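Here's a structure for you.
Per-chain residue numbering starts at 1, and chain names A, B, C and D are given in the order in which the chains are listed.
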Amino acid sequence: MGRMSYAELAEAARGQMGNCKACPVCDGRACHNCIPGPGAKGTGMVAIRNYEAWQSVMLHMDTIHEPYVPDTSVTLFGRKLSLPVMVGPLGDVNRHYGPKYDMETYNNVMLHATAAAGTLGWTGDGLAASLHEGACRAISGLDGCGICTIKPWSKDVVRDKLRIALAAHPVAVAMDIDGAGLPFLKGQQPPAGAKGVSQLREIAKACHAADTPFVLKGIMTERGAEKAMKAGADGIVVSNHGGRVQDGVEATATVLPEISRAVGDDLVVLVDGGIRSGVDVFRALALGANAVLMCRPFVVAMYGGGEQGVMDLLAQLQGELADTMEMCGAETVSDITDDLVSW
Amino acid sequence: MGRMSYAELAEAARGQMGNCKACPVCDGRACHNCIPGPGAKGTGMVAIRNYEAWQSVMLHMDTIHEPYVPDTSVTLFGRKLSLPVMVGPLGDVNRHYGPKYDMETYNNVMLHATAAAGTLGWTGDGLAASLHEGACRAISGLDGCGICTIKPWSKDVVRDKLRIALAAHPVAVAMDIDGAGLPFLKGQQPPAGAKGVSQLREIAKACHAADTPFVLKGIMTERGAEKAMKAGADGIVVSNHGGRVQDGVEATATVLPEISRAVGDDLVVLVDGGIRSGVDVFRALALGANAVLMCRPFVVAMYGGGEQGVMDLLAQLQGELADTMEMCGAETVSDITDDLVSW
Amino acid sequence: MGRMSYAELAEAARGQMGNCKACPVCDGRACHNCIPGPGAKGTGMVAIRNYEAWQSVMLHMDTIHEPYVPDTSVTLFGRKLSLPVMVGPLGDVNRHYGPKYDMETYNNVMLHATAAAGTLGWTGDGLAASLHEGACRAISGLDGCGICTIKPWSKDVVRDKLRIALAAHPVAVAMDIDGAGLPFLKGQQPPAGAKGVSQLREIAKACHAADTPFVLKGIMTERGAEKAMKAGADGIVVSNHGGRVQDGVEATATVLPEISRAVGDDLVVLVDGGIRSGVDVFRALALGANAVLMCRPFVVAMYGGGEQGVMDLLAQLQGELADTMEMCGAETVSDITDDLVSW
Amino acid sequence: MGRMSYAELAEAARGQMGNCKACPVCDGRACHNCIPGPGAKGTGMVAIRNYEAWQSVMLHMDTIHEPYVPDTSVTLFGRKLSLPVMVGPLGDVNRHYGPKYDMETYNNVMLHATAAAGTLGWTGDGLAASLHEGACRAISGLDGCGICTIKPWSKDVVRDKLRIALAAHPVAVAMDIDGAGLPFLKGQQPPAGAKGVSQLREIAKACHAADTPFVLKGIMTERGAEKAMKAGADGIVVSNHGGRVQDGVEATATVLPEISRAVGDDLVVLVDGGIRSGVDVFRALALGANAVLMCRPFVVAMYGGGEQGVMDLLAQLQGELADTMEMCGAETVSDITDDLVSW
């Protein structure tokens, strides 16, 4: 039995995913602003814009070059990945995609699949303390092969969660600082939400004391990236949380080039939002990302094909990226520079 | 029983509003150019353009900042409002939205709701003298908590209406100078419609003699704003009357930045047209407005939920504005500057 | 019984007009490339583009001015018209709009209506000699109140048709030089079609000898306008024949400003193509036209309301133009300058 | 029985073409990304973009010029063609368009039709050796009247295929260097796909030794064109293989002007992709092409009308091109310069 394509995985998943329609192309149109479900906030336009912004980045095809087998590998936080694609964090699979998977099973399956494919999965965080603990247990069981995300809770909660996270020796610890826009973070006592540079610096220090890189997810401006640097972060994810935390913001593809230019080589730059193919991965790298995160399509892949579905999608993306690299004259990922695209 | 969302208010109102479809999003598409009804003039495109222009203003999300509870209050004409949103004037609720409310009831309910929510309602003006008189009576009964609008009638009629208005001690008196484009103002004797700077200056003087600010509503150009200043107005509303007085004009969001820059701090700058969420309110303030007016959605809210419906919508807008302020790093309304958006 | 609106005229005409659907808004979409019928050539996009280009010209509303009754009159070729709108030429009403009218009846009704309304109708030309003769007879019967168009036939045919035309003492004689793109002009002996400056100069001279202005219709470039001046023309019509002679050309609204600037006051500049309302007439004048031609909507008006229908549509356009002039601060047609619009 | 129009040919072909819908306008929308079938890769957007990019090039109509009969002929690689349109190569008619034609019959019919019409057909290449052999046999039987394409196979296979090709004395030999993106070229031993300048130079030398020009098809960047020159190619085809080899690339019309400027007169510049009418041919020539290739519409024409269908479509295109030349003041193909269009 051969590999399932994303179209086949989506067809197999359809009807089992709650408010997610498991569309052939995950472009934010069908789910619109449907939450619970995979929709975006308010008008629902941010997710759609994310997807479309990548489509407007044009590739420069050039096949007059010596033949080679493209090398899609990339080294990130000292670890070599087989392809520059990681599976993004998910906080509540039941609530948004129905009862088929609970979070612990989802994380376990996803982390095994990504590790087996030679890349990394990111775990999410939520109200129930068990979610983060389970995620860290799973990462620990895979020799730290994973990145765990902590939401911007109050100082005390963050400290406790961080201790658990660092004990799992993950590849990195991330905080989705844009989680301030999620309803369940509001009105908590002590207050959760936005964090200033000084509090973030303490978190970064705690990570560094455990030899663990710290990543800030949810950066959409040069100013935000500069504050992340001041806070001592090792990487950022240019992200608008797939449109789920704030309506009316730019597509990530639109702000990526200026943010990437601003941080230069001082930070690892990751990006997510509407990336759906190896062609889109190529675009993201050409605009300055070191690697990308994708989330929704992997949920579909797991609902449609389980652990093998996640691996099939990773293999499909790797194949599409390799084909695109050959067609545009890039032999390695570091050859994917901004002169290979127009935008 | 909790607060009703706008979607719920619209659903409750649907079918009771004449030619208004009480759409989930009030974007000018369904009513198009339908008058009587909430439609726009001619091709119907001005209302649609108003809505879409706000959507094209992009917010700069940045949640790396100290946590705070955003303060949505604003001081306008010496009065502190709980949020920078006022309910705009309506001239003939029966004609455009069916028999459920008469103007006097509509104005009373709306003014009570806005006063209770800590903001202001604007009353409209029409052919029947009783409309203006009732509006002023209602404002007077609320210790002047409201702004009454007078149409650009003939000099004599304006003088009489102004006397009644000033006796109610409203927060301000406004004239919708773009009312010249309304059919029922045409062919009156003595002539009504456009007014020159000198006649407007007399009106402003009469207002100032009663310690009442004078606002010109319907300004769409820098030149118009400069004439408003020459006439002694204290504020302007950048408005195209929701597309109901002239086809083919720009969206208000498009002209707001240049008009705001032109008047600097010399005038209070208000804006209306297609503002539908707290995110849009944030956009308007970032482009230079001191506060905004919204009208159609509040008619829907009242038809769907009565006085409580108006208050629920105000609360929803305030919540969305506060969330957006937190997500973009603005602690107070005066922090909402144009470097927080791109357009 | 009051005036019929265009919507009512179109509804009355619907079903009687062959391949013309008598749409509520005549925007080139429904007829597309349907010929016979009112469609455009090839992809059908030129007619659609004509319509849409006017819609993208934005008006600057400003009602702070002294009140006035706008004066829509204009003087053209020494004759005062009540409004700057003329009815454009039609060559074969039977073929394109079905059997209800023959050309002679159509021209007679149209010329009477336009003369009664204080403006001018243009007559068309075709293969049958009787068409031009009938048109000239009708114009002559109205004391020359009309403009007759001659196609770019061979030199001999033009000379004969011109003699007949000049004997009718029309306000002007026009040649639709873009008629070269019409199928029935191809392959004629002697050859018809394009004409050089020298042959056009002879035609202009013959007109001038009869004290009759000569107009070239179908100019779409500055270079074309300069050649028209060299040929001694008194006016031009910026026109792409409503998209019926060549696919792929610009909208007339797009080229009008540069052509108008190039000719300055040396030529009368007229324009047609997709003008559908008094707002559009205002736009055309603001972009540099002295007056406009409209054709398809008047065919609809005549099918829906006969001679009175044509007059009703002229009255509607005049009313819309006057309203727009009041709303934008233009008292006379010469006040409609390009600083009153953005494009 | 007269000539069939493309619309009539498409109607006759409809239902016989497998996954091709034989649309009235072949714009890439209906077939989308359907392969097998005429669809494009990935999102399917490249074929659609190709078509639309030509539509956005605007023609400058100007019929004030001396009358002439436009001359559509062009000299290419020393051979005079009756019109600057050639039929592009097809590799597997059975697989993509169903069983009606096999490749040998398709090529024979197509080459006869193009030769009879005074232009050239291009033959394709595929896995079966017989395909190329049959194509060369057919070209040889027509005294070399045709251009044969060789895919970028391994060095040995190319050498063998080239020997067969040159023996047929075709007008030129081409290599579709972008064929690297076709699935069946992947994983071959020895490797096929991209080729460096040095290997291409050997192929060019072999061609030149047989007095045969060498053309590289699939150039989309200035850099690619410069490498083609370095490799000694005599011509290039600006092509993205109709969107079938790589998603996300520009339209050919978008890159043609810069590539054409870069190569000047040193190379013959051809272009394909979404060209569907004589108006589009005019656009391509104005943007710098010496001639164009069209493929899909000729498959439709052959399925709908056999050899005569191909000739009818060529005649239609020639007629449309001639009409456009007359309407824009171009007497010969070399008069079609970039000042006759805007883009």
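Keep this in mind: a contact is a pair of C-beta atoms (placed from the backbone, for glycine too) under 8 Å apart; a residue touches a chain by one contact, two chains touch by 3 or more.
Because the structure is a prediction, the values reported are computed rather than measured.
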By how many degrees does chain C turn when fitted onto chain D using C-alpha atoms, rounded in steps of 5? 90
Pick same or different for copies chain A and chain D, depending on whether their interface residues overlap by over half. different
Centre to centre, by mean C-alpha position, how many angstrom separate chain A and chain B? 42
Show the residues in chain B shared as contacts by 2 or more other chains, in ascending order. none
Which label fits the chain touch graph of this model best, line, ring, star, complete or other? ring
Please list each pair of chains that are touching. A-B, A-D, B-C, C-D
Would you mind writing out the residues of chain C in touch with chain B in their complex? 25, 55, 57-68, 277, 279, 282-283, 320, 323-324, 326-329, 342
If you look only at chain B, which of its residues touch chain C in the complex? 42-43, 45, 152, 177-178, 180-181, 191-197, 200, 216, 218-221, 223-224, 227-228, 231, 240, 245-250, 254
